[in-house]
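Two complexes follow with subunit A in common, the first pairing it with subunit B and the second with subunit C.
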Partner chain A sequence: MPIEVKNLTHTYMKGTMSEVTAISDISFKIDDGEFVGLIGATGSGKSTLIQHLNGLLKPSSGTVLVDGVDIWSKGVSLKQVRRKIGLVFQYPEQQVFEETVYEDIAFGPRNLGYSQTEIEARVETACRLVGLDTELLSRSPFELSGGQVRRVAIAGILAIQPKVLILDEPTAGLDPRGRTEILDNIKQLHETGMTVILVSHNMDAVARLCERVMVLEKGKLVFDGSAREVFAQREFLESKQLKPPEVTILMEKLRQRGWAVRNDVLTVEEAYAEIIKELPRRGVAGVL
Partner chain B sequence: MISGGIIVGQYYPVSSFVHSMDPRAKILISMIFMIVLFLGNNFYSFAVTGIFAVLAVTLSKIPWRVLIRGLRPIVFIMSFTILLHLFLTPGEAIFQIGPLNATWPGLIQGLFIGLRLIILIIFTSLLTLTTSPIELTDGLEDILKPFSVIGVPAHEIAMMMTIALRFIPTLLEEADRIMKAQMARGADFESGNMVQRAKSLVPLLVPLFVSAFRRADELAMAMEARCYRGGEGRTRMRQLSFSAKDYYALGFTIVMSALVVYTRIRFGPVIPKGPV
Partner chain C sequence: MTPVDKPCGLEAKGVFFRYGVDESDKVLALAGVDLEISQGEFVVVLGPNGSGKSTLAKHLNALLLPDEGDVWVLGMNTKEPEFTWEIRRSAGMVFQNPDNQLVATVVEEDVAFGPENLGVEPPEIRKLVAGALEAVGMGAFRRHSPHHLSGGQKQRVAIAGILAMKPKCIILDEPTAMLDPSGREEVMKTVKQLNEEMGITVIHITHFMDEALYADRVIVMDKGEIAIVGTPREVFSQWQDMAQLGLEVPPVGQLSRRLWSAGIDIDPGILTVDELVDELCRLKSRI
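Up next is the complex of A and B:
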C-alpha cells in the first residue's frame, strides 16, 4: 500500500480575500512498513497534508496515489481509500458519540457493511491492540478517563483494519503514563507490519519511534530523511521552530565540553552507552 | 467547508462610507428600511427602495458577487414562494398543470414577493457585511438601553449576541473537523434518502453538542475569572458617536420613506383586487 504524493498544493478559500496556501508543491513516497514522523511548527501544514492522504481534502493541484492509483480519478471509491488508510485526528475522543464503547468502536466497520460476527471480532481485536479492557465495552464512553477515551477513539479507527495508520498528535493532553502506553501501542502496531505516519510535537517520541522524518515549514517540505540525520542538526531544526530530543541536546553539550560522544544519539539507551564508553577515557573509571 | 454560501454574520473589511457610519445609525436605517419595504405595495415603491439599496451597496464598496452569493441559500424558499403565488392566486389563466391554474395575477404577485425578498436579503446582509460583530452589538445595546426601564436586559442580550457571533466560525470549524473524523471512519453524509441522511447526522451532532456545552462552561469560568458581573457600571473602550454622515444617511432614509408612502397612496397595490 505505498502512498505517493506528487506536487501537492492546497489552497484554502481559493478566490476569496482569506485565501491561504497551506501546503505547496509537496512530493514524497511512503513505502509499506515505514514509520514516518511528520514534524513542523504549528501552522506549517501538517494537518492539511495528512488529510489529503485519505481523500478528506481534495488537492488544489497535484496528485495523491495510493497503490499507484490517483484517488481523485474517476471510479475510485474514497470510502475504500479510507478503509485502507486510517486517520486518527487530534483529540480523537471528541468524535465519540455512541451510547456504549462497543457501539462507538463498531461504527467504522458497520459503515463498511461487515457482518455482525465480523464486527464483533474486529472490535475485540482493536481493543486488544490498544490495550483496552473489554469490560469497558458496555460502558458509556463519556464516563471514561481521558486516556481511555483516546484509546476507544484509536480503536475505532483500528477496527477498520487499515494498512496505513496516520496519527495526529496522539499523545496531546495525556499524562506521562498514558503517553508512554499509547506510544508503546503504536510501536507494536508498526511491528505487526502496519505503515505508520506520526504527526507530533513530541520530538523525544518521534526520535524514539520513527526511522524517517519529514519536516514541514510554511507549507513546504524542507527535509525528508533519516531521523538520525535530522536530529543531529540542531541549528537547522531551531530555524524551523523545532528542537532535537533532550538526549541529543545533552550529547551536544557534552561534546562542547570536549567529550568524544556521538551527536546523533536518539534515545536514552544510546546516550547511556555512549557516556559509559567515554567515562574511562575521562578518568572516571569503575563507576559501574 | 459546510459554511459555503452563508454570508449573514460575515464582516467584509474594506473602508467605505457605510463602514465608517455609526452602528446605531445603520441598525436604525435597516429597521426603517424593512418597514418601508413592506409598506411599498407596487413596483414604483420598489423602484424607490431598489435604488436606495443599490446606492447603499455602491457606497459600501462591497462587490456585488459577494451579495449575490449570499442569495444562494434562499433560492429554494424564493422559488417555492413564487410557485405558490403563481398557482394559488385566482384570475385569468396562463397555462394549466393538472388541476392547477397558473394565473397572470399570480405571476405578478409571485414576482412582487420575490423581488421584495431579494431586496430585503441584500439590504440586511449589508448591515452585517459592513459592521463588525463588536460594533453591531455595541450599537444594539445602546438602542435597547432605553427599554431597560421596562425590564429588557439590554446588556445581557448584547453580550449573548456577541458570544453567539463569536462562536459561529468556531462551531463551523468544529463541525467540519468532526465530520471529517467520522468520514475517516466510513461515515457517509451525502447519500441516502431523507431519513438516512437525518440519521447520519447523529455522529456529527452529538459530539458537536458535547463540545458546545463544554465550551460554554469554560467560557463562563474564564469570564468570571476576569470579574465579569454584567453591564452595570461597565465602561467601553470605544465610545459611539453620531457624525455628520450618520445624519445625512438618516435624513436620506426619511426622504426615501416619504417617497415610498407617496407611491403607495398615488399608485395603489400592484393587483387592485385582493390583499398583497
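Up next is the complex of A and C:
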C-alpha cells in the first residue's frame, strides 16, 4: 500500500494577514515495508506533512495517493484511509481518556464495529506488539508510568491494524529506559512488515533505525535519501538545525587528522570496526 | 569563579518528602537526601522517571517543603516563610515546556515580569532586562513576540527572565526535552556560559546523558535517594550500575570502553569526541 505525495502545499489561514505556508511543493513516494525517518527543526512542517498522509489535513494544492487513489477524490472514505494509516500524535498519553487500559485500546476497533471476540483478540495482539503486560488491562491508564501510557496510546492505534504506522516524536519526554523500550517496539513492528514513518529529534535513533531519511526545512523537502548519505553531511545538517550522531562526527574528525576511516558510520559498532583496524593492540584483550 | 563555602550554596539534610493526601496512599518521593552544592557549581541530576529529581529540585527553591529534614538556600531555611520570596528570587526555575512559561506578547516585557513583581524601579528594570537578554544572546529579539521564536530561543528568554532577578542559582527541570538538536545545544551552551562567566550555580535535570558532560558533578537519583555521585567520568565509569537504572553511557564513552576492552591502549573513561580523537591520534603516532 504505497503512499505517494505529489506537489503537496499547505497554507494555514489562507487569504488572511497571518497566512503561513507550512509545507510547499513536496513530492515523494513511500513503498511497503519502508522505515522512513522524517527530521527537521521545530516548525519545519513535519507534523503538518504527516497529518496529510491519513487525511487529517486537506492539501491547499497537490495530491496524496494511497494505493494509487487520491484520498480527496469523490467516493473515497477517509475513515478507510485512517484504518490503513495509523498516526500516533506527539504526547499521545494526553489523548488517553477511558477508565481502563482495555477500554482505551479497544476504542478504535469498537468504533469500526468489530465483534466482541474480534475486539478482544485485537487488544491482546496490540498489547503483545508493544510489550504491554495484559495484567495492566484492567488498570486505569492514569496509574501507569509515562512509558507505559505511551505504549497504551500506541497499542490503541495498532488495534486498528494499520498497514502504515506514523509516529510523531514517540520518545519525547520519556526517560532513557522508556525511550529504549519504545524504540525497540517500533523496530519489531517494522520487522513484522509494517511501513513505519518516524518523526524525531533523536538523531541517534533515526540513524540506527531508519533506512531512508527525509529532511524538511521551512516547509520544503531538502533531502530524501539513505540515512548513511545524509548523516555523513554534517555541514548540511547543521545548516538545517540538525546534527549527525556523535560517532559520525568522530569519524569526520579522524579523517581530518589523516585517518583512512569511512565517513558514513552510524553506530558505535560500526565506528569500533573502523577504528580497530587502524590501531595496534595493547596485548591480551582487556588486560593492561 | 571559585566555589565558596556554604552558607552561600545549597544544602539539603535528611530530606524526606511524601506525595498524597491520605496517610494510606502516600508515595515516598524523597527518602533521606543529603546534598551540598557550592556556589558556582554546575550540577546535573540524572535518574529514571519517578526517582525524585523534580521533587528534589522543587525543594531547592521552596516550591516544596520537606516533611522531615531541612533545606537551606544561601543559608536561608526554606521552612521559614519570611525567606520564601528571597529564596525564589535567588534560585529561579526553568521548566520543560517553553510555551507554558512565557506570558507577555513582547520578549522584553516577558523578561521584565520578574523584576516588576519585585517592585524594582523602571530605569533599573530596563537595565536588568537589557543585560539579561544580552547574557543569553537574545538582545536582538527584545521587541519580538515570543510566539514566533524557536524552542531554543524561547527557553533562552525564560532563562533571561530569571537572570533579570539577579539570582545566585538557576534550576532547570528538563529544559531541553522538547527541543530540536540545535535548540538543545543552544540552551546548554547558554547555561554553561552563565555558569562560567557569572558564577551562577546551575542545577540541571535531564534525561539526555550527553548533557551530563557539561557538569562539574553528576548526581544520579533512584527511588528518592542519591544513588551515585561524582564527576561525569566517575559516574559513567560505573556503567553497570547506571545500566541497572536504564541510563546508558553516551556513545563516545561506549566506544572508548569497547576499544579499551579489545586491547587498545586508551583511557576507557573518555566521553567526548575531541578527547577520543586526540587520544587515538596520539596512539597512532606511536606506530
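Convention: the second predicted complex is superposed on the first by the 279 of 288 C-alpha atoms of A that agree within 3 Å, B and C clash if a C-alpha of one lies under 4 Å from a C-alpha of the other, contacts with A are read in each partner's own complex, and residues count from 1 in each chain.
Keep this in mind: contacts are C-beta pairs under 8 Å (C-beta built on N, C-alpha and C of every residue); 3 or more make two chains touch, one makes a residue touch a chain.
Keep in mind it's a predicted model, so treat the numbers as computed, not measured.
K.L.:
Putting subunit B and subunit C onto subunit A via the overlay, clash or fit?
P.N.:
fit
K.L.:
For A:Lys79, decide between first (touching subunit B), second (touching subunit C), both and neither.
P.N.:
After superposing on A, A:Lys79 lies in contact with subunit B but is clear of subunit C.
K.L.:
After the superposition on chain A, what angle is formed at the C-alpha centre of subunit A by the C-alpha centres of subunit B and subunit C, rounded to the nearest 10 degrees?
P.N.:
70
K.L.:
Contact-wise, after the overlay, does A:Gly108 reach subunit B, subunit C, both or neither (first, second, both, neither)?
P.N.:
first
K.L.:
Output check: A:Phe89 vs subunit B and subunit C. Expected answer is one of first, second, both, neither. What do you get?
P.N.:
First partner only.
K.L.:
Going by the touch definition up top, name the partner, subunit B or subunit C, that contacts more of subunit A.
P.N.:
Ranking subunit B and subunit C by residues of subunit A touched puts C first.
K.L.:
Would you sort A:Ile157 into first (subunit B), second (subunit C), both or neither based on which partner it touches?
P.N.:
first
K.L.:
Looking at the overlay, what does A:Glu278 touch: subunit B (first), subunit C (second), both, or neither?
P.N.:
In the superposition, A:Glu278 contacts subunit C only.
K.L.:
According to the stated criteria, A:Gln51 is in contact with first (subunit B), second (subunit C), both, or neither; which is it?
P.N.:
first
K.L.:
For the overlay built on chain A, what is the smallest gap between any CA atom of subunit B and any CA atom of subunit C, in Å?
P.N.:
6
K.L.:
Across the two complexes, find the residues of subunit A that touch subunit B and also touch subunit C.
P.N.:
Residues common to the subunit A contacts of subunit C and of subunit B do not exist here, since the sets are disjoint.
K.L.:
Could you please specify the touching residues of subunit B with respect to subunit A in the complex?
P.N.:
Touching subunit A from subunit B are residues 177-178, 180-188, 202-203, 206-207, 210-211.
K.L.:
Using the touch rule from the top, collect the residues of subunit C that touch subunit A in their complex.
P.N.:
So the residues of subunit C in touch with subunit A come to 47-50, 96, 150-151, 174, 177-183, 185, 207, 209-210, 245-248, 250-252, 254-255, 258-265, 273-274, 276-277, 280-281, 283-284, 286-287.
K.L.:
Touching subunit C in the complex: which residues of subunit A?
P.N.:
Residues 40-43, 145-147, 172-180, 201, 203-204, 238, 241-243, 245-247, 249-250, 253-254, 257, 259, 268, 271-272, 275-276, 278-287 of subunit A touch subunit C in their complex.
K.L.:
Could you list, by residue number, the parts of subunit A that touch subunit B in their complex?
P.N.:
For subunit A paired with subunit B, touching residues are 51, 54, 56, 79, 82-83, 86-89, 92, 94-97, 107-108, 111-112, 142, 156-157, 160.
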